[in-house]
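One structure is given below, encoded as structure tokens.
Letters are used for the chains, namely A, B, C and D, taken in the order the chains are written, and counting of residues starts over at 1 for each.
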Amino acid sequence: MTDVIKVAVLGASGRMGSEAVKAVESAEDMELVAALGSGDSLDRTDGAGADVVVDLTVPAASEENVRYAVEHGMHAVVGTTGWDEAKLDRLRGLLEEHPGTGVLIAPNFAIGAVLTGKFAATASKYFESVEVVELHHPNKLDAPSGTAAHTAREIAEARRSVGRGPSPDATESDPQGARGAVVDDVHVHAVRLRGLVAHEEILLGDEGQQLSIRHDSFDRVSFMPGVLLGIRTVGQRPGLTHGLDGYLDLD
Amino acid sequence: MTDVIKVAVLGASGRMGSEAVKAVESAEDMELVAALGSGDSLDRTDGAGADVVVDLTVPAASEENVRYAVEHGMHAVVGTTGWDEAKLDRLRGLLEEHPGTGVLIAPNFAIGAVLTGKFAATASKYFESVEVVELHHPNKLDAPSGTAAHTAREIAEARRSVGRGPSPDATESDPQGARGAVVDDVHVHAVRLRGLVAHEEILLGDEGQQLSIRHDSFDRVSFMPGVLLGIRTVGQRPGLTHGLDGYLDLD
Amino acid sequence: MTDVIKVAVLGASGRMGSEAVKAVESAEDMELVAALGSGDSLDRTDGAGADVVVDLTVPAASEENVRYAVEHGMHAVVGTTGWDEAKLDRLRGLLEEHPGTGVLIAPNFAIGAVLTGKFAATASKYFESVEVVELHHPNKLDAPSGTAAHTAREIAEARRSVGRGPSPDATESDPQGARGAVVDDVHVHAVRLRGLVAHEEILLGDEGQQLSIRHDSFDRVSFMPGVLLGIRTVGQRPGLTHGLDGYLDLD
Amino acid sequence: MTDVIKVAVLGASGRMGSEAVKAVESAEDMELVAALGSGDSLDRTDGAGADVVVDLTVPAASEENVRYAVEHGMHAVVGTTGWDEAKLDRLRGLLEEHPGTGVLIAPNFAIGAVLTGKFAATASKYFESVEVVELHHPNKLDAPSGTAAHTAREIAEARRSVGRGPSPDATESDPQGARGAVVDDVHVHAVRLRGLVAHEEILLGDEGQQLSIRHDSFDRVSFMPGVLLGIRTVGQRPGLTHGLDGYLDLD
């Protein structure tokens, strides 16, 4: 890899992809060598000398795109969803045959959101109570958000690791369900408000103190520092990394 | 009424009552002339020359206490619950016979909580979306809190008065109830955390903006400024006033 | 005025003006009959039959624009700055000669921001302590923001009206100025953060309780409901109204 | 050390000390064997068979207390202030002669506050902007708080470690100092409000996103989980540990 990282973006005309194109073009240590749409041939990536392929396409295409990248000596940074255990296992097998190649698959490129989940899980080991509130625009179809449910599971796992049970709750009467969803023993509340985008707050409480960690995402552009971090790091991390937190220095 | 207001506190050994005793004793413009427990005779109030009787007893005793006060020419400030429409009607009738006497019955003496409800209702006429979050200690038995449900109803009434319907909500999938309770078309969420006391936040959203109003009650002492305001004002407000907001200058 | 309000926008190519053009076009009860840029002749407004002129131009032009509107029988809604007392006095004089005509001059059309200021002033009469925090993007040149300074002055005036002095403060050592600016005896703090737009929070405290009122403005579009409210109301409010709060129902 | 940890509390009649006595008495895995006031002889600690000495006294006494503990084979958990580098160096020398003995000196036992500082420093490496707001009761004499200044320095050090400079700030006009104190290139704001105790919020911003971390301390009891963690851990950590974060599992 030369000093300047040569980058090919797949899914370049999508919402995330078009932001990634702009971000790569603005980064002084990167060069955009290819921007592919859905009909374009994958050989335009290695053909242009790409070091790193950024896959922001659709679940049906992502596995083949990554396979192509790995087999042609390119690292891959992947933001496409749909990577189940079977796909991940096949990818791990492929990477064993290409030991110098790195792949990052990140369900969430917002560094702030990833840090929020990590901090919440760490803190929840030391606090008696913890709940999650997510807030989104009112056009969202599902509740709670995938990010909030993921955070709840990270918290539950961290608490189990130190022998902590569920948060205390003496509620006897809640006829209308004000206490919200319970995901892996953690209460999760979903607020919908016009004007909001995507927000998550974790509330932790103990005798005499409270700790609150909140992430506000106002714009898709908030994912780009994470994408650029992935592009810069993936070449030094052979094998599969699942989750952007693997690239963050949390000490 | 002389310059210094002579005050009798009923229920003086209870949690609210003992705080009220301290607050009256500390107020320079008041004199505590009687502090009655549950077995004490009511004639110790007018016997001591009280101008105002503060009733912080129990639902079973409150109506008789207030009747005694009115019939003996004393104003009354009442924080006891259980005043239903039948009791209120009887009291209104009694006050017509005593046109110079004032009674304040206030379900909530925390000025901040009362202002929060009023502000939220006013603002909700101008915002597309509104939801209520209440947060309490984990020993609370019911959800949502009475205050939050009351706020939701105030909001709903204010919105109906200007022809606003429910807040927009596209949720199609919410299998675990993360969207919380719906009180009079307003979503209400209840959080329980060790270390908290009683807190309420109203979130309002519209295109490009959000308005948040939050009240935190850390201690029972937060009710005392409202009690003192009631004692100072009740003598100038003949008849029945229901709710502390009737004594607040909201302009 | 017919059922549909005919609107002319002055300064239609500016940032606020272009948003206003879109908002008027989207309102079912309005018709955009003229959109003027800086070189356009004012007779295109009454020439097109406008009921209401919206002035979103520059201080040097605004007074003449409003004079033209009033003299030609059109109401005016004005968001341009620079209206000092001399200009306002001349306008009041002119409106006396045109008793059926209304003018609204509003320094801030964000209903949420206006409500925030009003609520803060009202509440500050009942709380011992109050401070203001404003938060903006880091490209802002001045601190504190004009809105925050205005809020501080509204609060100070409200407190004086009930005989309340400054908030208590025992600070003896503050070598680096952490306590922020003091505007009319009210502490004002200015935060600058990448990713923010324009935000204001008023914090009120008393024994055992806190009240927080926060307004977040994420986008210029947040001013449009206020502009539309002005257009709809100005025809029923002859004379000069200064400040959007004059059109809000705060009860 | 047996299954139950035998604990001696020094400074047992002070504010922190009396809370520690209660906390140790309530802990099932501990036994309070001695509670010493200022006049009591130190030999009542090893005389009672203490495993761990908790020093919550005054700067003038703390060094001698800890020396006594180490020389008599007891571990020490120290919350007293005033440990400068000279004292720490002498203690390190002493501990080399007692290689099995552990001492924890913690300026802050509130686990939430310690986590807040750590999280803020970590996150500040990934965000363009960061500022600190601390909020306290109005009787506090100095601003900013020591905790906030410490957090600012931790943040500045973390940012320097990754080559990040100060947060962006275009402010040209700030005649009254609304931008607050600047501690090691980090802006720190101090709010004073009746009803508050001790609170700290770190605000981080980047394009399109914000991360907020807030710690609220309502009561001295919030320090006790940290004291108990120290008592439980100090026996397994020979040598000197400075700062409770050395005992926290931050992964």
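Convention: a contact is a pair of C-beta atoms (placed from the backbone, for glycine too) under 8 Å apart; a residue touches a chain by one contact, two chains touch by 3 or more.
Just so it is clear, the structure is predicted and the values come from calculations on it, not from any experiment.
By residue number, more than half of the contact pairs of C-D reappear in one of the listed pairs A-B, A-C or B-D, namely A-B. Of the two chain pairs examined here, A-D and A-B, the one linked by more C-beta pairs in contact is A-B.
Centroid distances built from C-alpha atoms place A farthest away from subunit B.
With rounding to the nearest 5, the Cα superposition of subunit A on subunit C corresponds to a rotation angle of 180 degrees.
Separation between the centroids of subunit A and subunit C, computed from CA atoms only, is 41 Å. Each chain gets a centre from the mean of its Cα atoms; for subunit A and subunit D, those two points are 34 Å apart. Put simply, the C-alpha centre of subunit A and that of subunit B have 46 angstrom between them.
Residues of subunit D in contact with at least two other chains: 127, 195, 204, 206-210, 218, 222. Taken together, the subunit B residues at the contact with subunit D in this complex read 195, 218, 222. Here subunit D touches subunit A in the complex through residues 110-113, 115-116, 119, 122-123, 125-127, 162, 204, 206-222, 224-225, 248-251, going by the rule given at the top. Touching subunit D in their complex are the following residues of subunit C: 127-131, 133-135, 138-144, 148, 167-174, 176-183, 187-196, 203-210.
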